[in-house]
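Per-chain numbering from 1; labels A, B and C assigned in written order.
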Amino acid sequence: MAQTLGAIAQFLQAELKGDADCIITGLATLSNAQSGQLSFLANMAYRDQLSTSQASAVIVHPKQASDVKGNALILSNPYLGYAKVSALFETLPAGSQTIHPSAVVSETAQIAESVSIGANAVIEDHAVLAKGAIIGAGSVVGVNSRVGKDSRIHQNVSIYHDVVIGENAIIHSGTVIGSDGFGFAQDKGEWVKIHQIGGVLIGNDVEIGANCAIDRGALSDTQIGNGVKLDNFIQIAHNVEIGEKTAIAAGSMVAGSTKIGRNCTLAGGVGVTGHLTLIDGVHVTAMSLVTKSISEPGSYSSGTAMSKTADWRRSAARFRQLDDLSKRLKSVEKSLQGSEQE
Amino acid sequence: MAQTLGAIAQFLQAELKGDADCIITGLATLSNAQSGQLSFLANMAYRDQLSTSQASAVIVHPKQASDVKGNALILSNPYLGYAKVSALFETLPAGSQTIHPSAVVSETAQIAESVSIGANAVIEDHAVLAKGAIIGAGSVVGVNSRVGKDSRIHQNVSIYHDVVIGENAIIHSGTVIGSDGFGFAQDKGEWVKIHQIGGVLIGNDVEIGANCAIDRGALSDTQIGNGVKLDNFIQIAHNVEIGEKTAIAAGSMVAGSTKIGRNCTLAGGVGVTGHLTLIDGVHVTAMSLVTKSISEPGSYSSGTAMSKTADWRRSAARFRQLDDLSKRLKSVEKSLQGSEQE
Amino acid sequence: MAQTLGAIAQFLQAELKGDADCIITGLATLSNAQSGQLSFLANMAYRDQLSTSQASAVIVHPKQASDVKGNALILSNPYLGYAKVSALFETLPAGSQTIHPSAVVSETAQIAESVSIGANAVIEDHAVLAKGAIIGAGSVVGVNSRVGKDSRIHQNVSIYHDVVIGENAIIHSGTVIGSDGFGFAQDKGEWVKIHQIGGVLIGNDVEIGANCAIDRGALSDTQIGNGVKLDNFIQIAHNVEIGEKTAIAAGSMVAGSTKIGRNCTLAGGVGVTGHLTLIDGVHVTAMSLVTKSISEPGSYSSGTAMSKTADWRRSAARFRQLDDLSKRLKSVEKSLQGSEQE
């Protein structure tokens, strides 16, 4: 994967200061970089490391260009430069563009050219794999489901029937797409299953992390918009709709029929209850619970800040007395007002 | 899956108003329904949609029967009617009632008639699959484990040894049953594993969602009662017992040896610490943490309500001062009492 | 698995009181034990059960030795004794020490002697399985990844490329190791993927529960120290480092680049945000959120205590008014000071 610095500069459309022939063999942080590696300065907290880094070249903002003693790639957004150049050093094996003999592919499945199907993967009846799709070892693509062009499904992913995945998607291992939504009616104390007859519709350029679960819709489809990025352990319940480019960090859970807008971010461990609507541009901080619709963009939170457990216990005990405390304060205020009026 | 409305009325034992020969091809909500589809009115918030819905027929309560201009199926519980009729339009492929040639089935396993075993599934030694059981592609049924009559195990499910699953169960993809409980003793700063030699006992009519984990017991069995419904990402630790018909929403975690009663509901993201007992009929709201046994039925909560982050920060800072605040209020009250007594 | 009590005493180096020839066929709690079973008394709350237990022998502390009417194994740490003896009654089938014919093993993989590879497992190019390693049915070991001596990978585990797992590790089903960390840069409103080119380095004697996700590093490796014990549903983000012997209970999530020290414990459902450092010996209680680095050992918490929902609603409403409440109290105090100074 070695590249000359000149080639990388051209790839990034960056201004090169220094030796275009310098061979770059990898990427590293400023503090970890060794000779031959390219680094970057995106966070000014690490600015002092410029002088001590062993990196053979550094991607920097024009303002820091003069601080770099060796080779520099100068870009207005060094972090974006790092993101782009990371693709050149990807270690993930490319697809084989073959169907492994141990894979089980239905005769009725439609397999386009340049598709890779890993060992022991299963492609069920009438499934459609578009050109360049990669299906990892042990993954299952269910009846009638479709995987779009150049999408990569990693190992041991479970895709049920009637799931549509767009182009350039990445789905990580252990993720389940199209499992039944959680729906039951009560009949004299017995749970009666509501069969989940909708599907799942996933847009283009979506990434879904490891061990997620995206339930199929009860009647219509659960929908994940173009460019949505989901971390690991994300629960998307039936009939949820996630707007374009929204990003959700690990362990967040969205309950049934909730609609989340575009360009939202949910930090890790966030819960959103069912049948809500969150407008575009909403941000929710870690482990907050959203129980009402949000119609104004901005940042929202719930929970309490961390303390030593001993201190926390006292606060937690007082939390239960808050209503009483508030009423007693009101009474004190009245009493004072009375005495002042005397 | 097309059915006449008359046949559906008979299936539901509903009163039919309108055209018994009307062909129903699917189900949809009032607002999404198109000609040929059946809808229902269960939530009065959607009552206005009766007049504009394109549905060919609507399941309604007798009180709304006169509001339906077209065909109606009249039932005292329209939501239950919808649940029952959803079974007629299920899209999930039925079991093949065959063993896929790529499946690996131990010679010592007992496979009853009408069992379906999917591609690349693995049935280990002495496992027992009862009549009509369906094992999805890539799933593993471990040594000595049993899957009851008509139970369906979806794709890529992992069932360890000595797990018993009852009849009519549904287990979704990615779920793990019988993994080791988390138990260690300390020996001079080293963790010593407590081998988990109990099993898991799952009753009849249980549904378990995607990517759950039900640990085996340390000594005796972890137990899931008849009719229990678990959503996705449920953690059931070793030796937990869940009572009949209790329903648990996504992401809830029950720690070791806790007993949850019958007909309880845990909303999403609830935590229950270990060695507790929750009586029948307990309900816990989303993302609450239960740290004490509950001996009175009813609804329980913890956490705080959501605010804008800026406002929340102030509250969170004050939360840490709550004990001080409370003491200062007490002092003010005393001071006032003193001045009143003067 | 039957053993004489004498043999068990020798194995535990315990003092035996009673019949060395007594045949022990299993383990059970004092209340569940039947004739032939060995039990233990570790928690004094169960002391009364000594007199009624049907156990054929009991592991006890010297102080309780005289309370045991039948056979006793006397040890200073009965719980540790129970942990050790549990290994003798393990029900988990041993590895077959063979490669199942349905497994797919790359010609370039290095497979040591005494390795067991289960049905439909996949061992990719240049993977290395050390002596005694056991790979469960349906598991995948990715390109260049290594599984150390005597480590056991259960069923349907997904190991990506460039993952190193040490010796004597146990990895439970559904766990994913080496999935991409969640990293994106922004480019004019578009997410640009940061390719995750680091690996994962897991030490010796590590146990990882079911359905965990350990992401690969962005540049350098995500690291799990020797003797770390992770329960189910643990999220370890890219470049996290977990110190030796730290134990983390189910559902906890550690965000990117955070370093957790040695001998820490996180209870269930804990969240730790990114780029923090937690010193050795930190303990965090269930469902707490850690948002700041911790430089002092001890126990930390956040959240509120559980109440009846009706009571909780009042407290939660007042929580939002806390800043106002605090200011009003301040004002009352000033007013009182003023009147006292008059």
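Everything that follows uses one rule, which is that a residue touches a chain if its C-beta (ideal position, glycine included) is under 8 Å from a C-beta of that chain, and two chains touch if they have at least 3 such contacts.
Bear in mind that the values here come from a model prediction, so they are computed numbers and not experimental data.
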Degrees of rotation, nearest 5, to put the Cα trace of chain B on chain C?
120
Same or different for chain A and chain B, when you check if over half of the residue numbers at their contact belong to both copies?
different
How many angstrom lie between the centres of chain A and chain B, each centre taken as the mean Cα position?
25
Residues of chain A that touch two or more other chains sit at 102, 120, 138, 156, 174, 211, 233, 251, 287, 303-305, 307, 317, 319, 321-322, 325, 329, 332, 336, 339
For the chain B and chain C complex, residues of the former touching the latter
102, 104, 120, 122, 124-125, 138, 140, 142-143, 156, 158, 160-162, 174-176, 179-180, 182-187, 189-197, 199, 211-213, 215, 218-220, 233, 235, 237, 251, 253, 255, 271, 273, 283, 285, 287-292, 298-305, 307, 311, 314-315, 317-319, 321-322, 325, 328-329, 332, 335-336, 339
Chain A contacts chain C in the complex at 26-29, 32, 77, 79-80, 82-84, 86-87, 89-93, 100, 102, 118-120, 136-138, 154-156, 170, 172-174, 205, 207, 209-211, 227, 229, 231-233, 245, 247, 249-251, 263, 267-269, 286-287, 303-310, 312-313, 316-317, 319-323, 325-326, 329, 332-333, 336, 339-340
